[in-house]
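Same chain, two partners: subunit A is paired with subunit B first, then with subunit C.
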Partner chain A sequence: MSTFLPSPRLLRSLLPAFSLTVILIAIFYLQPRAMSYFGLNLLLNLALPIAFATLAQMCVITVNDLDLGIGAFVGFVACVGATWLNEAPLLGAAVLLLCILAYAALGALIHLRNLPSIVVTLGMSFFWLGLALLVLPTPGGKAPDWVRAAMTFKAPGLPATIYASALVAFVVHLALMRSSYGTVLRGVGGNPRSVARAGWSILKAKMTMYALAGFFGVLSGISLIGLTTSADANIALRYTLLSIAGVILGGGEFVGGRISPVGAVLGAMTLTLAGSFLSFLKISPDWQIGAQGAILIIVLALRVVINRTGAK
Partner chain B sequence: MTALLTKRIRTVSEKPWIWAFLGAFLVWLATILFTGGTGAGEILSAALAFATFSVIVGIGQMYVITLGPGNVDLSIPATMTFAGAVSMKIMDSQDVMILPGLVIALICGLLVGIFNYGLIRALRIPPIIATLSSSFLVQSCAIAYGRGIKIKPPELLADFTTTKIAGFPILAFCVVLLAVVMSVVLHRTVFGRSVHAIGQNARAAELAGVKVDIIRLATYVQSAVLAGLCGYLLSGFSGGASLNMGAEYLLASIAVVVIGGTSVAGGFANLPGIWGAALFMFLLVTMLNTFGLSAGIRLLLTGVIIVGVITLAGGRRE
Partner chain C sequence: MFESQERLITMDGVCKTFGAVQALGSIDLEILTGQVLGIVGHNGAGKSTLISILAGTQRPSQGNLKFETAASVLPGYGVNQAQANGIRCVFQELSLCPNLTVAENARILHPAIKGVGWKARARALISNKLQEIFPGHGIDPDALVGDLSIAKRQMVEIARAFTKVDSPIRLVILDEPTSSLDAVIARQLLEHVRNFVDQGGACILISHLLEEILQTSHRVVVMRDGGIVEDREASAFTRTNLVEAMGSVAKEQDGTQRTSDIRQSGEQVLVSLQPKGQSDGHRLLAYRGEIVGLAGLGGHGQTDALLDVYRNKGCTGPALREESVPMALVPGDRQVDGVFPLWSIAMNIVIGSMRQLTRGGLIDPKAEAQLAADWKRKIAIRTPDVNNNILSLSGGNQQKALFARALASNAEIILMDDPMRGVDIGTKQEVYEMIREEVGLGRTFVWYTTEMDELAHCDHIYVFRNGTIVADLAGAEVTEQKVLHASFEDQSKSHSSAKAPAS
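Right, the complex of A and B next:
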């Protein structure tokens, strides 16, 4: 019997694409007018910054940590982007580079002192929020024109967001899933001791993954202000939870370095669409967060069912 | 004589909780030096009153963290809000409903705790993700249930949570008692010893006959019930439940445990430190406020100090 079923591994990797398809079909059914270039563009408008934030979270999760400060960090990047990056591009770029280095240093600190990433990153969320308020005390600023132009680019055929997401997913997939050092990086999440025995530096790996997380956080903040044109310190606080949810929806496990970059991008898109879907269903905004929780639990439950059928 | 004294000093300084109290004292000292001594007593009294709530949820979180790596309860803020909103609505500002309200708040916690552990077991997911997912649902329930209403707590409850005798809050006294009881439970009962054993080596504990599943269930339920209790008391203290009343307790509940000297890797708990750490956290914010800094600098320094203290307190212990 089981020979007729695809392998559980394949089923699991198809699950994120399946969730996205289900929610797209449901949206098209409820609101047929969404099935157009303009409609898709509106629906997926905010998908790119969320996808970048999700990839940032995925990098941290790869090494068995969790980043509860990514939302505040993205907010800070947005504030820098809408002020310094616009007025003094060199200074702005230097600050953003420093941010990435700060993330790498955070990874080193967490590893060297064996600290719980949750507490450290939660503490850092205050740090980023404070910095953001110092850079931009009241909402405002102006996104640089080139960022604005890039984010409102009209691609032929499909909205540019879809091309960009696909490209990013592909590149990260190559880097983490297909390269040899990517395997080592994931191995740090799977079995750090054996990776260390094989002569690789865990410290270096953790710093790399945190630096990557910082890099994607920067991309998330910059792409966000390209869409909103101005910034606010609190602009991205909800990204912390969204990014974690995106990684789960995308098939990432929370231990063992089992991740999926393509899945994470699909998960971020599913979450972006879930908000519109719920409002098309006329579900009260009160239940929006709850519905996200319910979607997560359903997907996790489906995964258990798939694993069970595989075990039989 | 001197040898005895040095030995005494050494035994005291080896207790991890001493650092939290020392930190709290130093921050308090810095504050009153800045104000020139005015308000020293009031600050301490306010710190006791506010620290109480972090201690209640901190105790629950400490038991959970002691279960071992990966165990943490992220649903505490949502549970607090939910229990606070439901109990305030049930009590409807009537003194006679105080006890039923308390029972309802505890039942809310009980249900969330069972649900949390149910998710962890049934879906075989790390507790972080399970409690995070369930907190979305609980938070939504709280929002939908407590929508737009501001119900005052019963007068008697408000009095009980805010009354001070010679500057010492009654509630803080009760929670000191609670801490003593929970400390005895932690070190002297089968339950407490089992929690330790699971945190040190879950497999060995299981082979030694510890009922790992039941103990873990009880620990998660205990954490959620304490969060329910905290939500109930905090609503009484602050004149009603609000939808973001739990928000700051996500960081607070974890930070007081870690700063208080409990091992993050599990297996070694430390209860007195929670009180010291909770006082430290409140006094820190008071100090930064007293210095008259802008919101940005205040947040920034809070972040830096929390990360700094955790780096010092929560490092690898041999």
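Right, the complex of A and C next:
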């Protein structure tokens, strides 16, 4: 169907980019000095870890599950990164690899026992938090120098965060949206029975997606300590809800395998910027969470409006 | 057309049981190449189970499946073996992924489409096949399946089943393939099916449109109660003897059936509903003290009618009583909308009667326990303790608890949504007995059932097709033939002999 009006689907896929642009323009209007290399760098500093956490969440949402433990998991990775990875790199790397395998095992458990993912991952969040406290009882530790160097790298033209986010979004887009096995993985979210009837293993698909979620969780934790230089068990607890909000803001849906990796990264950036935007507006921190919620509601309302026009 | 027939698959004594319920009893069936095999039967005759076994999505409990191309493949026969042996299946409920495009859905079926340029190949594959089967289909291979109309989704699914990449196609199973296609497209499909078998393929066609079966098939198998009752060449059948074969042998009338003259005696009309889409003014009526049956093939609007009755609390339309009558619904799908799985049996029973059990806004635990104990005794729920979890009961007893919930309430009308699905015969008899008792006490039942035997308990029957009432039979004139004819037939007008008294 080719019409001259943009289709609702196209409008919908442009919505995350649109929301990001609106918030950037608003920030530049309020604070023109932010419109510089240094200003952008400061604004988007924390976007990369959140983008990784959002992608992790998106992997789980793809197969119709929800991960309520990602924040605590990122915190645990950060603690491992600031201690073992620095002091004994081999041990640290092995532990992080084990974390990814643990995530794959979690996917298998949830699928085989037909458990609600929310319950399992919520339980796991306390497990990760406890482990993190064992590894690093008090805030501290030190990020490995190479992580530090990578995260403070000054790229020409634009802040490195922007390049990195674009690259990650592109790679994940290729893997999930364009590759042939990625199609099967998304199919598991859309109609698992149909995929199983075509002879694919749902177990394998779920384990793959959970392992990917673990992988992005690890990247999120490592990139986070590259910015903060030290770690704390509670450092990333708010990532759980931020990541869910990022996926939804980016055009994803809770069920049905409808996801957008590019949108998820844009959504994560929007959420990061929303915090700064509200500070520029001089809204007291007490109200910021509520205001972030309001932004989320506005974007979702826009999406509903687009869907409604499409339904006519 | 009958020249090149070879045996493709032999089913030898295949059985399938779900718990105590036997879905398939010892099926012996040969599937031949170069032949369209039509399968007909009423709901629950075992057609879907049969094709699930062929497609490898369900394992038979017993029996043997032999392929001519391979040795006996049971046990361990699954979806992958079915595909390797060239079996494709279009299931009745659509099985495409709505979040993927048409081309991507084609790829899901074909693991061989991968690597660089896979999308272009998938697109070409499905487009060509669509073009071949449904010329002028107008389906964009890059459209999301969720955005397509039901008919187009069905076309995509059918075309997908006929696509060939590396594994062979020997048998295509079509379960109600034309249910949402219009006549032109359905004809295109059936023509393609004939071509496919002429070139040596085999096809199984399941449809409730008997014309379609008679015109397309070479051979017809009639199933009833999980068994095969007829297996002959299609030319040996006419519409009439096909319908006869589907029904069970003429039953002697149930002695307990009441010669109902409730409708003449001026009792109150408690329910009067005009189904949506009914244009000829037919109404579903239920008088006080009546058992009204809703018949017809499954999913033809009976459940919707029940829910409409429930939602409107009985009467809709002008010139009828406005006050509402207390009602209770006995759901058919226990697991989905019946039991509270975490609660005890007692709580599951009394939840429908909370209002009678409260004192000063709080639940009276004594009255609650009393009510549960009463109903456990009355309805003979087999459990040592009503405080056990509801899931500790067998399926039939869970269903009894749901009956108890409805009967314990103050409802005057009990709506039943095919509640006897998968219930053993002993339990059924007990429940029938109870329904008769309750009717004697002045309660009214509206009973949707897919089982012919149960219609014998009804005073009045409405046969549904495509969401409308197509026949309206008083208890005495109910025969299985009439119901089957009305459910299947197009020229049903002549059969709706008894007009609704109102309207």
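One rule holds for everything that comes next: the second predicted complex is superposed on the first by the 308 of 312 C-alpha atoms of A that agree within 3 Å, B and C clash if a C-alpha of one lies under 4 Å from a C-alpha of the other, contacts with A are read in each partner's own complex, and residues count from 1 in each chain.
Quick note on the criterion: contacts are C-beta pairs under 8 Å (C-beta built on N, C-alpha and C of every residue); 3 or more make two chains touch, one makes a residue touch a chain.
Because the structure is a prediction, the values reported are computed rather than measured.
Asker: Under the superposition described at the top, does placing subunit B and subunit C together on subunit A give a clash or a fit?
Answerer: Once both complexes are aligned on subunit A, subunit B and subunit C clash.
Asker: If you stack the two complexes on chain A, which partner ends up touching A:Ile297: first (subunit B), second (subunit C), both, or neither?
Answerer: In the superposed model, A:Ile297 contacts subunit B only, not subunit C.
Asker: Is A:Met58 touching anything from subunit B or subunit C once the two structures are fitted on A? First, second, both or neither.
Answerer: Once the two structures are laid over each other on A, A:Met58 reaches no partner at all.
Asker: Report for A:Ser284: first if it touches subunit B alone, second if subunit C alone, otherwise both or neither.
Answerer: The answer is first: A:Ser284 touches subunit B but not subunit C.
Asker: Just to be sure I read the superposition right, which of the two partners does A:Ile244 touch: subunit B = first, subunit C = second, or both, or neither?
Answerer: first
Asker: Once the two complexes are aligned on chain A, which partner has more residues of subunit A within touching range, subunit B or subunit C?
Answerer: B
Asker: One more residue to check, A:Ala160. First (subunit B), second (subunit C), both or neither?
Answerer: Once the two structures are laid over each other on A, A:Ala160 reaches no partner at all.
Asker: Name the contact category of A:Asn114: first (subunit B only), second (subunit C only), both, or neither.
Answerer: first
Asker: After superposing on chain A, check 95-103, 185-193, 221-229 or 275-283 and name the one in subunit B that bumps into subunit C.
Answerer: Clashes occur only in 185-193.
Asker: Between subunit B and subunit C, which residues of subunit A are contacted by each of them?
Answerer: none
Asker: Give the list of subunit B residues in touch with subunit A in this complex.
Answerer: 70, 72, 119, 122-126, 128-129, 132-137, 139-141, 143-144, 147, 250-251, 254-255, 258, 264-265, 294-304, 306-307, 310-311, 314-316
Asker: Which residues of subunit A touch subunit C once you look at their complex with the stated criterion?
Answerer: Checking each residue of subunit A against subunit C gives 1, 9, 178, 180-181, 183-184, 186-187, 189-191, 193-200, 256-258.
Asker: Inside the complex, what are the residues of subunit A that reach subunit B?
Answerer: Residue positions touching the partner: 66, 109, 113-116, 118-120, 122-134, 137, 241, 244, 248, 254-255, 284, 286-294, 296-297, 300-301, 303-304.
Asker: Over in the complex, which subunit C residues touch subunit A? Could you list them?
Answerer: Listed in rising order, the residues of subunit C that touch subunit A are 55, 57, 79-80, 83, 89, 91, 95-100, 104-105, 107-109, 111, 113-115, 118-119, 140, 143-144, 147.
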